[in-house]
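Let me begin by presenting the structure, written as structure tokens, before commenting on it.
Just so it is clear, A, B, C and D label the chains in written order, and each chain counts residues from 1 on its own.
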Amino acid sequence: MTQLVWITLALPLIGVVLLSILGMKLPAKGAGWLASLIMLAAFLCAAVATIMLASRPEGDRQVVEVAWVWLTAGDFSVGLDLWFDELTAVMLLVITGIGFLIHVYSIGYMKDDPQSRRFMAYLNLFVFSMLVLVVSANLVLLLVGWGLVGLSSYLLIGFWHNKPKAIKAAKKAFIMNAIGDVGLALGIFLLFVDLGTVTYSGIFAGASELSETQASIACLLLLVGAVAKSAQLPLHTWLPDAMEGPTPISALIHAATMVTAGVYLIARMNPLFVHAPLVLDLIVIIGVVGLLMSGLIAIVQTDIKRIIAFSTMSQIAYMFVGVGLMAYWTGIFHLFTHAFFKALLFLGAGLVIHALHGEQDIRNMGGLRKQLPKVYFCMMIGALALSGIFPFSGGFSKDAILASGLHVDSPIGWIAYIGGLLGALLTGIYTFRLMFMVFHRRPSPYAEKVIPASVAHHGEGPSSMLWPVYILAVGAAVTGFLQIPGVTHLAFSWLDPIAPDGMVEATVGQDWLTTLFGTLIGLIGIAIAYHLYARESDAPERIRLGRGRLFQHALERRLYWDDLYSWAFERPAMWASAFLSRDIDRTAFRWAPLDGLGQLTAFFGRSFTVIENGIVRMYALVLALGIGALILFLLVRGG
Amino acid sequence: MTVGLPLFLAISAILFSIGLVGVLLRRSPLTILLSLEVMLNSVNLTLVAFSREVGGSDGQIFALIVMGIAAAEVVVGLGLVVAMTRREMVLDTDELRTLNG
Amino acid sequence: MDIVVFFIASGLAIASAVAVVAQKNPFVSALALLGNLVSLAVLLLLLSAQFVAAAQIIVYAGAIMVMFLFVIAYVGPRSEIGAGERKPWQVWLAVLASALIAIEVIVVVFGATFGDWADLDGDYGTPAAIGKALMTDYLLAFEVVSVILFMAAVAGVVFGAGGRPRRLSDDEVQAKEAESAEQRRREASRAVLDATRDSMGEGA
Amino acid sequence: MVDGVLATLIKSFVLVNILMVFFAFMTWVERKLIGRFQARFGPNRVGPYGLLQPIADLGKMLQKENMIPAGAKPKLYLMAPWIAMACALGAFGLMPFGNVATIPGTDYTFHLYIADTSVSLLVVAAIGSLGFYGLMIGGWASSSKYALLGGMRAIAQLVSYEVAFTLAVIGVIIQAGSLSFVTISNAQDNLWYVIPQILGFLVFFVAAVAESNRPPFDLTEADGEVVAGYHTEYGGMRYAMFAAAEFVNAITLSALGAVLFFGGPSGPYLPGPIWMLIKIGGFLFVLIWIRATLPRVRFDQLMKLGWKVLLPVATLNLLLTAAIVVYR
């Protein structure tokens, strides 16, 4: 079983090496298929490993294996350790499964890009990094994976490196992630100082000995890492900009896998977080604020991918709420379903963009329902799942989170519940604003001009792009059935063992009640969106220019977060460097005595050229004379 | 065996010095390389002589390794000479005194 | 017997070494070095190092010197540069340094006391003994030498290949041929034109 | 020095004379055979079946004027044929023709080889590689373009094929576990090495043809390109010495092939030397046959064959042999 996990881990790495070595020797399509097949093999390995894990008796599903110890210093030792349990299995399946579909999609998407081989190699590298992150059994190896996904994310956002905006976005993502990495690293240091170990098993065993303060600080630091990687408040600003990268990347990294690493981290470290209740409450609050804020911002965005990006933020905020309420399974469950429907939406958006020759502004779309019926159908499933409409998958997982809030029955629980329901309203509005503006409405002049020719040319898209979308649509529709309250119980019972201290699970009644509310509110949101955006209404424009002007402006500026960071960090740094270069460098170091230093150096340089004249024979002569003199000296002295 | 170790060492030293003179005085890279070979060979003789005195094969191994390295050195040196010829440069080490890189 | 062989061989070795250094023509220098190598091989045989002696001949004479001669023949008369034109103080210093080293070493070796020649095993100096040592105790050195040789070979190829005129691609060859064909055609037509003009001129 | 100085001297003298007669006779055989291959008669005027042709040739060679071309380096020019000749003869001295023989009528026994050292094969390789200096020096000292080109070709060819040649032979050494010819040939009493070492033998044979500058690898003296190669400027007996050296080299390589791959002097019924001669003769016949059959290769083809075919095959053979010997 563990062999299979090792193989799963190794396959993408082999892919990276192969693609890098073979490079241009491979045909572009061949490279794509090679990478995809590797991913398929990895997925199969992961699936078989999961089945084998499932066939073990419950309670014996946690496998730790040390391949070798690669770093030892005193009593600190880090090994290439593997941790395979129910949570890892879920992550492996999501990463390799969704990863495989997106690899296939990329073959079609990157068909015309001369550098598609490099893209495929990066994709494989990303998958490898993510796998390292989830299979590691100690925090250091996790940090390795953590950093590697940051790197591959950087490479992939900046894949079109002749686009200045993409480069900027890549740098932004990298810096934000680096802040998180620092937090995570500090947390690891602190845990090592407190507990003397970095392995999960050691930390879990020692967690109960920590004082609440110690645990809280450690968890807070880990939370910094999680927040940065998962694009939560206040380190969220990189995610919308990351949409400058190719769309498959948005789907794989910035929706399905990497950004959920924070949720994974918290769920994984739950035996530690249990001892820091304040941090857990903080997580819930971050989640609630984040989901409302990003939901609001999403309503005013006009770039199709950015809308989905803000929606991703808000959905991950839901997951944070779930894990913050100690209902870890709901967070992971939502992670699982979200991977399907969000990847679906992104890939669908990619198809739309593809059909419109790169146009991403939804105001330039409209009426695509008739020309792209398959894409419309699939995206509609995704949108319904995202809005949490029963019986699509998102409904079950999101309502499970909210029901947990109801079940906890504390102020925090109520905040989560009410905030989550409000978020559902926003979700319905922004999701269907997108759907209506893209697919319903009267077509914009641009769409009218471009679409017919485009559809006539290659239909709705190449089959390598369509099939992943179909499969994801099926997944988005049915994965919720894993946990139908009172009927099936798979998500909870599978994930229950990962939390030794127990998890929150709502009762069946609470669940159904929440589902009823959630669906109703989602439908209300859809109705509002229909009223405002499906018909040719001037209501949005009135709001934009009328009473909501200031609020609208604030939302369009994304609540001024970017401006805040610019004022707080960027401007002072620019000012300081300008001061240093203009006032210090140019004046202070140009003073005469300092210039004399340069002259002095030049003088010494010139005077040594007499000996260092480049004639090798002279060097050899001096060498020989030196040897002769040395031996003579030894002879005379030693006798 | 009536010839003593010192004789071998003395011959080796003389050969070494002759080679050294060649390296120091000649300007053609080819002749310098040839003189270097003389020096290397004299060292080989020393190594083998000491090996004989001790009765182990270590010195002979060293000599063999020196030969291998000498072959490598000659390959690079001759490659340089060929490259210089191709670029119509003068085959004179005294002219090769400016770095350009 | 041994002492006679020793003095003949060492005398030849020194004479040929002097020839290596003093000969103006590198080809002759190389041949002198060959003589030097063979004399040294004899000395090595005197030291019962059969394998090293054989390797000396095969490696040096069979490969290295052959390369030397090849390159010297390739370079041609240009290789004879650099025999004269040196300042006297350089000569004096060089000879002084070399003589100093030689005399010092001789003084040392004759002043020192060495043990007698060791009693030899039956397989001293045979390929078997050398091979065993090379493959056990000195395996790393052996591998390192092979890697260095490989790198040197690559370096030799890189150096040797530099400066060669670029080989034309097929397209360029075709273009060139087409161009010259065009030129020929033009010249031919001009010649015809000239001829006609001349004949017309004559006619007029 | 197996049998004492005197016996060695006598044996050397006999061997050299046999070789030279063999050479003279073989020129006749070669011309005759080539003639037959080409549907001609070959030499048939001097003596019965033209048998005395070599002697007539010798007389002609002796009468030629010995001259040194203008611009040549006289000492080296004169030295070159001797180097070639001496090395060719020297290499042959280590070939075994059998183990021990008794002079009929007496009980004086002697070995049927001049010397047997533990590194015979290395010595042959060493002397063989020295032989090429004769060619190179001859080519260079003549001060003639064609001679120089021939000499340089000889060197390039030598360097290319020496590697494959040595690697091919190492297979045999590994299997026999010795570098001594006597040991090697005795080790083949049951099975000739040509069967287990078939790859090695093929490489050896091709490389040997190339090393002896025989057609189709006689680029050093390809008359269409470099007139007569390194001996363009030689005439008379000096030319004859070059020719003899070349032929003796071919004989030496044949003998080497016979010893390494065909059991050397061993064989049923007949005495060792006869078997050895038969095997050498067989090799020489194949060489002549090849000369009559195959066209000369181009120089780049020669290099390609040496480096890209023979060397990998020889290495493969070496690895296989080593693996089998170790794991058997």
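Note that contacts are C-beta pairs under 8 Å (C-beta built on N, C-alpha and C of every residue); 3 or more make two chains touch, one makes a residue touch a chain.
Computed from a predicted model, the values in this text were never measured in an experiment.
J.: Looking at every pair of chains, which has the largest contact count?
T.: Chains B-C share more contact pairs than any other pair.
J.: Roughly how far is subunit B from subunit C, going centre to centre by Cα mean, in whole Å?
T.: 11
J.: When the C-alpha atoms of subunit A and subunit C are each averaged to a single point, how far apart are the two points in Å?
T.: 61
J.: Averaging over Cα atoms per chain, report the distance between subunit B and subunit D in Å.
T.: 33
J.: Express in whole angstrom the distance between the two chain centres, defined as the mean CA positions of subunit C and subunit D.
T.: So the centroids are 26 Å from each other.
J.: Check each residue of subunit C and list the ones that touch at least two other chains.
T.: 51, 55, 63, 67, 74, 90, 93-94, 97-98, 101, 105
J.: Multi-chain contacts only, two chains or more: what residues does subunit D have there?
T.: In subunit D, no residue touches at least two other chains, as defined above.
J.: In subunit A, which residues are in touch with two or more of the other chains?
T.: 617, 621, 624
J.: On the basis of the stated criterion, which chains touch which? Give every pair.
T.: A-B, A-C, B-C, C-D
J.: For subunit B, which residues are in contact with subunit A within the complex?
T.: Those residues of subunit B that touch subunit A are 20, 23-25, 27, 93-94, 96-99.
J.: Taking the touch rule as given, give the residues of subunit A at its contact with subunit C in the complex, in rising order.
T.: So the residues of subunit A touching subunit C come out as 617, 621, 624-625, 627-629, 631-632, 635.
J.: Which residues of subunit C touch subunit B in their complex?
T.: These residues of subunit C touch subunit B: 2-3, 6, 10, 13-14, 17-18, 20-21, 26, 29-30, 33, 36-37, 40, 43-44, 46-49, 51-52, 55-56, 59-60, 63-64, 67-68, 71-72, 74-75, 78-83, 85-86, 90-91, 93-95, 97-99, 101-102, 105-106, 109-110, 112, 114-115, 117-121, 124-125, 129-130, 133-134, 137-138, 141-142, 145-146, 148-149, 151-153, 155-160, 162-164.
J.: Across the complex, what residues on subunit A touch subunit B?
T.: So the residues of subunit A in touch with subunit B come to 613-617, 620-621, 624.
J.: In the complex of these two chains, what residues of subunit C are touching subunit A?
T.: 90, 93-94, 96-98, 100-101, 104-105, 107-108
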